[in-house]
Amino acid sequence: MTALIAVLLLLAAGVWFGATVDAVAEAAVAGRPVRTALAAPFRRTALMLSRQAIETEHPDTLNHLLAPACYLVLAAAGLSVVPFAPGVAVTDIATGLVLWGACEALVVVVVFLNGWSANAPLPLIGGYRYVAIGLPAMLISMFVLIGTALPAQSLGVSAVVESQRVLINAVRQPLGLPLFLLLGLSITLRGPFNYGDSADLVGGTQAEVAGVQRLLWRGAKLAMLTAFSAMAATVFLGGYLGPVLPGPAWLVLKTALVMLMLVAITHLVARVPPARMLTWLWTVLLPLSFVDLVWAGLEAMR
Amino acid sequence: MTLSDIAFWLFSAGAVWTAWRVFRTDSMVRASFALMLSFFCVAAILLLLSAPYLGIATIFMMAVEMMVMALFMVMFMMNPAGLNPMMMVHQHKVSIGAGVAAFAGLGAAALLTDLPHHAVAAGKPVIRDLGTELLGGSMLIFETAGITLLATMVATVVLSSRSGRFGAADEGSRPPGLEPGGKPAGRAPERDSDHSHHAEHGG
Amino acid sequence: MTLTAILLVAAALIGIGLYGALSQQSFVMLMMGLELILNGVLLIAVGFWSLGLGGPPRGQLLAIVVMAVMAIEMAVGFALVTAVYRKRQADTTEGLETMKH
Amino acid sequence: MAMTALARMAARAPVPVFVATGQGWLASCRNLAASVDVAVVTNIREAAILIVAGEPRDEDRDALRRLHDQMPHPRATAWWGARPFAEAGSAIEVSATDDPGPLLRSAFAALLARVRESEPDWLPDDPPNPWQGEGDHGQGGKGMMGGTPYGRPMAMTADDLRDGLALDSFTFTIGPFYPSLPPGLALELTLQGDVIQSARVVRPPLDPGEDAAGACRSMTVGRMLRLLELDALARRCEAVPVEDRDAVNGLKRWIGASCAMRAIPKGLGRLAGDDARARFTRMVAALGDAEASSIAGPGGRLVDLLPGLEWNEALLVINSFSHRDLVALAPREMEQEEDSEGSAEQREGHGI
């Protein structure tokens, strides 16, 4: 029960924190006043709530409503495997990493459905494009995650945390965290991996959405950012492990750190055209994840 | 009736109903994802059957597979959204008969056979068992599956790519002669080519 | 939740799958039927493993093999659809009246 | 009328505006980007106020009406140095020399407080063709292929440039207000998936005139950065005061550090020996210069560069040319001009 409350609290706090950091970073890069950016998330929320929701011509209504809701649920489900302290997790199962992987895979489905359901060309192109990039990105993350399971000798997330008592995985498997961050950008549709909601398609899967629907999708994206950051902090940065402060505090701090990194990358690094990214994913990044896996295996056998 | 019994019947009903919807919806994308939901219901039953790894792995795999399925649906169907009614069937009555017969036969077999009763002991380390089996006693089978998948990948690329060994796949190709400069071996590709686009989709 | 109940559910899935595989003209829909049959097989395998035989490790191995078969069926199926479409502009089984090039 | 707390909160946000640029108005639009009162959005679905900046061309008027009707309620239109249409009821009129910021802000607050009425549609909300009633299921024709559901003809297969898999192609028009294209340019594109099979110029880009070269350049670089998913940097670029050397040099450093140049594939859109990356690099280097830089007589046609390119690459190629070069590269094509008019698949600002 405490774990469930903790998950919901962390999600809510993460959505607020993510929105604020995002607005501040955007204002800083855009050369606009940073102070008003602190209130910007609330104002934008109010603005979106006071606008009409769009209905396109003959949309797939069921999926149009389900997609943002499912995205939010996936964020919560993904976060549920993260332990806040020894033994305190909503789903403390021996296959936590596989469950997280299933959430990743379903994000691809949800984003595609979001683009599909509007029954309009630009969202559909966005959805298609996202599938092409999102699937290989997800494959890479699975290899990287299996790498972290090797020293823990378990697919359970708690065991992965405990295996980092001496040395965190970010140091033990130096390729792991950077590759995993790519997935984070991909499943939250951000910056260099924003192929679903991209600007050249005037918002891609979001091109035909306004009002509450837009707000929901935005919120779900930020919730997923929180869930991913907590997962990255747990699997690569030792999660709740740390001196002096209590365990949950460490987890929150590390989560915030990962979120900051992702937000910075979002606004500072350019995105390459999809065809080029697809080539890189299959020919450079996927082999790199194999190297990471071999590295992790050799290290675990030591 | 315990809680897990109720869950089992709910998921069973879900699995069968979504499976039925696959062939009854006009929208091809919905059909793909109805199939995905059917798999998810079965995965939930697997979880109830104390097979946690298999259950979650099924969800993981089917999410990806059905995503690809939906893509191919949109690609190849001329009306993927089902804006027009969609009923592309042949030998319909025979198929219904075969489906009913299969269900009746298998169902009768299930009801009439004296089935063994020996449930998994609670607390059995099933995931560890699976791991040691995969990489221990049955390693050869597991590796064979892996190699087969690799072969599948190669075969898939060969089959679907345009550039063939002897020319573009859609132009028809002839292997070169058996001796250098000789007559091309094999039959000349026919130039009839029923390239009437979507010729098959009559009313 | 008895083994008989599980086998009945699996039989229903296999029945629907067989109907789909036999009746659908479109290749992709046909493959959905095949997938459903395998879905039923997976349920049967795990059902026997869990309730009938007391969880022998090889039962789970069989389920993994079934999943691999599904993946292979999908991949080869789609490759064939693409190859046929390239040549014949057709995505239905009637487009394959002849195996000739 | 008392505003609700929600509306008060919303009214403090920068006014989301979509700018429809008309003749001779390119330079003034830059000032909007620098204003703290407004946030220029690139999607009409996000906008609350449509700014018609300068008189639209006669042939763009219908497109503008369609654009307006895509804006979600509550909405309004501001006419900045332009004559309002007859159907535009209570128009916000801003004279050409004024800063529209304060007026927009008060109109926005009035809209949210429901003091000001939201504008009704300017065009009838009908499907382009009747479709209901025919066929077994009222789908507008016989069988699965027949009819024109919702007035759209069924997609038909066509040849494909990428790998010859002849799937359903899709023809539609983007522009003249598409945010990733230079103002005024409208293209009719035929797509297979996201690969462009053929392109035709429906409307040429607006001619900016000699004195707007500097402003056009920062707008073009801004569009380019947005295509590279650097929205915040694009805003900085659009708002940067061109006479402030430090600010401009700082901007160039930001752009360099973001790997924007290296993100563009080499050899993309090669024309007269230069590829898109080289043109963009030169354009960034020339930021802050007032005089126009142009490829000396580029020669060639824009529509010949596009087929075979993926959507994002095609937009990168288009925006790698300076506005003046584009005017030369994409001249008005006289034949079939009226053909696409009234076609069901007009997409003006963006999607549907």
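A, B, C and D are the chain letters, set down in written order, and residue numbers restart from 1 in every chain.
The definition used in the following text is that contacts are C-beta pairs under 8 Å (C-beta built on N, C-alpha and C of every residue); 3 or more make two chains touch, one makes a residue touch a chain.
Since we're looking at a predicted model, the values are computed, not measured.
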* Asked: Where the contacts of chain A and chain C overlap, which chains show up?
  -> B, D
* Structure fact -> Ranking chains by how close their C-alpha centroid sits to the total C-alpha centroid puts first chain A
* Structure fact -> More contacting C-beta pairs: B-D or B-C? The answer is B-C
* Where chain B and chain D are represented by their mean Cα positions, the distance between them in whole Å -> 43
* To do: Return the distance between the CA-based centres of chain B and chain C, expressed in whole Å.
  => 5
* What whole-Å value do you get for the distance between chain C and chain D if each is reduced to the mean of its CA atoms? -> 47
* Structure fact -> Distance in whole angstrom between the CA centres of chain A and chain B is 29
* Asked: Listing for chain C: what residues touch at least two other chains?
  -> 82, 85-86, 89
* Structure fact -> chain B touches at least 2 other chains through residues 53, 57, 68, 76, 83, 88, 162, 169-170, 197-198, 201
* Contacts with two or more other chains, residues of chain D listed in rising order -> 150, 157, 164-166
* So how do the chains connect up here, line, ring, star, complete, or something else (other)? -> other
* Structure fact -> Per the touch criterion, the pairs are A-B, A-D, B-C, B-D, C-D
* Tell me, which parts of chain D touch chain B in their complex? -> 136-137, 139, 141-147, 149-150, 154-158, 163-168
* **Touch list for chain D against partner chain C, complex** => 157, 164-166
* Residue ranges of chain B touching chain A (in the complex, touch as defined) -> 27, 29-30, 33, 36, 52-53, 56-57, 59-60, 63-64, 66-68, 70-71, 74, 81, 83, 127
* Asked: Which positions of chain C touch chain B when the two form their complex?
  -> 1, 3-20, 22-29, 31-33, 35-36, 39, 42-43, 46-47, 49-55, 57-58, 60-61, 63-65, 67-68, 70-72, 74-76, 78-83, 85-95, 100-101
* What part of chain A is in contact with chain B in the complex they form? -> 58, 60, 63, 93-95, 98-99, 101-102, 105-106, 108-109, 112-113, 116, 119, 128, 131, 135, 138, 155
